[in-house]
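The chains carry the letters A, B, C, D and E, assigned in the order they are written, with residues numbered from 1 in each.
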Amino acid sequence: MANVDSTISIPPAKYSIAHLHHQPRRHYGRWLAASLIILALALIVKAFAQGQIAWPVVAQFFTAPAILSGLWNTILMTICAMALGLFLGVVFAIMIMSPNPVLKYVAVFYIWFFRGTPLLLQLLLWFNLALIFPTLGIPGLFEMRTVDFMTPFMATLLGLGINQGAYTAEVVRGGILSVDNGQIEAAKVIGMTRLTMLRRIILPQAMRVIIPPVGNEVISMVKLTSVASVIGYAEILRNAQSVYYANNRVMELLIVSAIWYLVVVTILSIGQHLLEKHYAKSQGRRDVKRVTPTEAEGV
Amino acid sequence: MANVDSTISIPPAKYSIAHLHHQPRRHYGRWLAASLIILALALIVKAFAQGQIAWPVVAQFFTAPAILSGLWNTILMTICAMALGLFLGVVFAIMIMSPNPVLKYVAVFYIWFFRGTPLLLQLLLWFNLALIFPTLGIPGLFEMRTVDFMTPFMATLLGLGINQGAYTAEVVRGGILSVDNGQIEAAKVIGMTRLTMLRRIILPQAMRVIIPPVGNEVISMVKLTSVASVIGYAEILRNAQSVYYANNRVMELLIVSAIWYLVVVTILSIGQHLLEKHYAKSQGRRDVKRVTPTEAEGV
Amino acid sequence: PARIKDAGKIVIATMPNYPPITYKDPATNELQGFDIDLGEAIGKELGVKVEWQEIAFAQMLPSLQTGRVDLAMAGMSDKKARQETADFVDYMKSGAQFYTSKAMAAEIKTVDDLCGKSVGASRSTDWPAQITAWSEKNCVAKGKPAINVTGTEGSADARTQIKSQRLQAAAQGNETLPYNQKLEPDTYVTIGDAFSQSLAGIPVLKSEPQLRDAVKVALEKLQTNGTYDALLDKYGLKANKLSPITVNMGE
Amino acid sequence: MSSMVVAVDLNKFFGDFQALDKVSLEIEHGEVLCIIGPSGSGKSTLLRCINQLERIDSGAIWIDDELIGFRQEGDKLYQLNDTEIARQRLSSGMVFQRFNLFAHMTVLENIIEGPVIVQRRTKSAVIPEAMALLEKVGLTDKKNAYPSELSGGQQQRIAIARALAMKPKLMLFDEPTSALDPELVSDVLNVMRDLATSGMTMVVVTHELGFAREVANRVVFMDRGKIIESGTPQEILSNPKEKRTQDFIAAVLA
Amino acid sequence: MSSMVVAVDLNKFFGDFQALDKVSLEIEHGEVLCIIGPSGSGKSTLLRCINQLERIDSGAIWIDDELIGFRQEGDKLYQLNDTEIARQRLSSGMVFQRFNLFAHMTVLENIIEGPVIVQRRTKSAVIPEAMALLEKVGLTDKKNAYPSELSGGQQQRIAIARALAMKPKLMLFDEPTSALDPELVSDVLNVMRDLATSGMTMVVVTHELGFAREVANRVVFMDRGKIIESGTPQEILSNPKEKRTQDFIAAVLA
């Protein structure tokens, strides 16, 4: 036996227990907790089932045209507004980190103003822009009435997108700052200019940090679209409201939309998870060895 | 001259330019951009001043009692709901990282459900809880009507706080994961139990990562309180609406509330900034040498 | 007016949250209601197509100002404050009516029983103010406790709060209450008669007197040819008939 | 009488990979043991198992005659819980390659954290001891500095002081100088040399063969999770028997 | 004719702290220069100034007779802009202590990134060259691995290959082996030795005095931002004249 420490004499008898079987810890508490929680959930489900809620109505409206078209509008707006928000977020994140004071302070102002005012107000402002600018365009060349351009869709898109951009800018900035300085110096050293570096090295690596919060923001955005109902954008919650104004089934219609929201959000969460995994992988699984601090020891 | 490399012979004449004065780069573009942007801003301000907005009305309502009491309610709710949200966030972040599957899946469900459904719906659910549970309490011992307990304030607090908790849990989890494994091992090695470690080492260090997103969340919360107007919580936007329902000064009242929101958000942002500085400092200014990638080179 | 003739269409704002005046058919998601039918009829009289735009109630007057819409038909009350921005062609009477749920009907039999109770009404209307005034006169003045007035987000929310017994009673326009009673039979009980009167009108921008007059003429025609009455009948609104058509008579 | 550490037939797997392969080891009271070996040979893993930062898959470890990490009941070994493990860890102190000082605490706070928070002693009793330790590692003037304001060598000496403040029976060092600039190495080695002289039982994973030769009572060479050879510094460093040991020592000295 | 690098009277301040103090240096074509000195003496700063990762506060640098970082107009030196600086950096390659391979790219992608994206050459032309370089550093089989899957020594060899792929006139090394495990150091030093033999001009900041002695044409000792002594390896490493040099060499060899 080459791997027995040569200084160990024949181990005393008591060391023989070294060959006993290791037994993992028992978790009686867990089973108790599990039962209690399942009981509580069962009670809540029962209360809902027996409460003043007509479940057949929920089923009936689950696929009603009004609800489905609202759902589609919600998804469409989420995609468009998020795309605009991401674009603005990246642009303003770069601006705020620029050494050019003009660019920097424009970005500071943008973030301050749009994070600081309620979205509802921004939507109303865009929607009623004609109160201030009756026409848009280049005078003489091309002009159109502001209200014709600023449809509910456009006003919602601008409102949500620009507002989102202000939040995303901070997230992107955090992501850029998280990129290791060494990576940046390595990029400089092979002669990259600032923009190439951003595109090829910094942003791809920042993705890992950016995706989780942006995923959160997308999920919020799905639900935030409902604010747009005030300017007549027909998203799902608004259509559900239209229905319950007519038939008075308030809770039922809210539950219908809640289920749809949960479906959409669940799909998005799965997408987010896959994306996170993708970026973790293409960065060479840096964190494989990582054990979460609380997992390591057990509760 | 001890520090002249001994192998350098008298430098050739052309090397004498080494003693010329270094001249920083000129930025003509910046001045141009600055002028253009200031011009654009001036035009926008002018348009607002001349638009169909009655500025005296704005001034008149700026300190109206309805607005001020709404402002106070907004601030109060932000503080209470955020406190509840932070508390729940920390608790559920710890639960979701726990090796105990029961705790873990309860936390997963909580985060999924409350991030997945619109806040409005959650508020309505709490507010209308009486439809499902007419009374609350321990049967026999102590009972009260649900509607007496579930005032608009309570329903808003529970709705916002529990919803916030789901988001904060993810943030706190990110913060905990960001703490260097070495710190955790060092804590274990001096005999800390899991909870002591969380309290003394992990959470204080996670703060640096947690504060910026939580700051964002607080700022969002200020504006999110406005959703509570549907269940009759008298926050600032609702009170502004009540005024404009009566006098029809929609834009003016919205501007009043926008200004107040900007004031509150600005104060909060400054607070956030100071807190961030505090934590950066007490962690020994790790990042002093850090230069932002874009600053290093100029635009 | 020429502008509208040229466009061949007239844009009318509505908010389908006010059955049976304006709402959406849950089954088909189509606009429906008295105002919708009346609006279509007015369009026919004017010889133009009607284009409906759904806009939140509070955004209707700003939308008139920006030219986004030409008219608004959403049972809007004709009130002095609103007349600053627009002229109102009044076409309907409405009165606010107290009601409560079957469950509490035993407790609240007459309007006098309302004193000291919680009573709600939609906060975007002036009913909360009217209830307060009513309570001053009929409760406080008689030495009874005042009504606790709550502004709810809309009438639908007031009804939900009655169900959860957060409110003991609520007030709602007598043009909409019958519809809700039909929808949920055996749920609501009216208390007394309407306690206030107001006029509902179609707002037209002050700068467009031509359009205002055209709408007025069209409405008068619809009254003489019986269309107006037929529509009132269709939606069970006989009690709300306003004749003759007036302009800016609300207060 | 008995030894400070007895480890018998340790096996440790990471997934399919066997990081420790039937390792047995005995360390006497007051002994200084150096472990050498190529990267990935399991040196750190062995140290971490002794300190229960990793859980062994089979075998058993005793420190000062106390069975570590398990409780015997009948013919089974039951894992201890968090609190019991935390208590057992107090018998050994550990110093890492990357110092791992608590970044949000000053030097003094780092040192008193364990005695005050874990051992629940009063600050007034602990602070003089902490100052004495700072004296010993030559950094009295840095007591209010934050770790990031110190050089690597200074941080490592503080890390040693922090471990000593817990009054362990046994000190474990995992490559304590390999993250340091060459001129800073000697300060840390000096502190360790003093500690060895004072009679502390020490296990040191190191690449500093000079230090091993001078201070160690015994040197162990590991490769691929096994103990290949063990003996006096002279035996292992100058006359290794095994081919793998010879190759390794040649590579490091090259 | 003229030298590869001429640096005249460089001064560099970080805030109030002077990191380089009137440093002048000349490096011939094909010369291998090693820079040694204690931590904080300005060795990295000097290298980074040559490569324009830091901007000098006064003085001037020429690489292969081209003035670096500035344009002379009349009696003023005007700073160049981003694009011009990026172009000038192509004349030198740099290898860092911490490898700094692009974490999101495979080994091959790391090597061809510069030639393809910066020099705008076609992939088909670059890939064979990249494979040849991989051959040279002995890592052909790792071309599709991600950096995190490689050992430190392997990463550092890839970093050298990446720098060479740009065909620089001059290679700068900043402590290329000090983050490596001792047994991995020799692989990297071998690659550098080959490179020196092939006639590449090299500036190497290192603590490996053995390597300096064997490969360098000249050794420079720096302390507190100044060049204290410069000469053949023999002169500096075995018979240093200055007290500070003697102390430093004694400490490192201890």
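We take it that contacts are C-beta pairs under 8 Å (C-beta built on N, C-alpha and C of every residue); 3 or more make two chains touch, one makes a residue touch a chain.
What you see is a predicted model; the values in this text were computed from it and never measured.
Peer 1: Give the fewest steps needed to get from chain D to chain E, where each step moves from one chain to a chain it touches.
Peer 2: When the steps are counted carefully, the minimum from chain D to chain E is 1.
Peer 1: So which chain is the furthest away from chain E, centre to centre on CA atoms?
Peer 2: Ranked by distance of C-alpha centres from chain E, the top chain is C.
Peer 1: Report the chain whose CA-based centre is farthest from the CA-based centre of chain D.
Peer 2: Relative to chain D, the chain whose C-alpha centre sits farthest away is C.
Peer 1: Quick check: which two chains are joined by the most contacting C-beta pairs?
Peer 2: So the chains sharing the most C-beta contacts are A-B.
Peer 1: Between chain A and chain E, what is the gap in Å from one C-alpha centre to the other?
Peer 2: One centre to the other, that is 43 Å.
Peer 1: Just curious, how far off is chain B from chain A if you go by their C-alpha centres, in Å?
Peer 2: About 15 Å, centre to centre.
Peer 1: So what's the Cα centroid distance for chain B and chain C, whole Å?
Peer 2: Roughly 41 Å separates the two chain centres.
Peer 1: Residues of chain B that touch two or more other chains: which are they?
Peer 2: If we look for residues of chain B contacting two or more partner chains, we find 52, 128, 131, 188, 194, 250-251, 297-299.
Peer 1: Hunt down the residues of chain D that sit against at least two other chains at once, touch-wise.
Peer 2: 82
Peer 1: Which chain C residues reach two or more other chains?
Peer 2: 58-59, 62, 65, 157, 160, 163
Peer 1: What chain-chain pairs meet the touch criterion?
Peer 2: A-B, A-C, A-D, A-E, B-C, B-D, B-E, D-E
Peer 1: Contact residues on chain A for chain C in the complex?
Peer 2: Chain A reaches chain C through residues 52, 61, 64-66, 69, 124, 127-131, 134, 145-147, 229-232, 234, 239, 241-248, 250-251.
Peer 1: Considering only the defined contacts, which chain C positions touch chain A in the complex?
Peer 2: The contact residues of chain C facing chain A are 16-19, 23-29, 32, 53-56, 58-59, 62-63, 65-68, 154, 156-157, 159-160, 163, 180, 183-184.
Peer 1: For chain A, which residues count as touching chain B in their complex?
Peer 2: 27, 29-30, 33-34, 37, 47-48, 51-53, 94, 97-103, 106, 112-113, 115-121, 124-125, 128, 131-133, 167, 170, 174, 176-177, 179, 181, 184, 188, 194, 197-198, 202, 212-213, 216, 219, 223, 226, 237, 250-251, 254, 257-258, 261-262, 265-266, 269, 290-299
Peer 1: Where on chain E does chain B make contact in their complex?
Peer 2: 6, 8-9, 21-26, 56-60, 62, 67, 70, 72, 75-79, 81-82, 85, 218, 220, 226-228, 230-231
Peer 1: Mind listing the chain A positions that touch chain D in their complex?
Peer 2: 1-8, 11, 15, 17-25, 297-299
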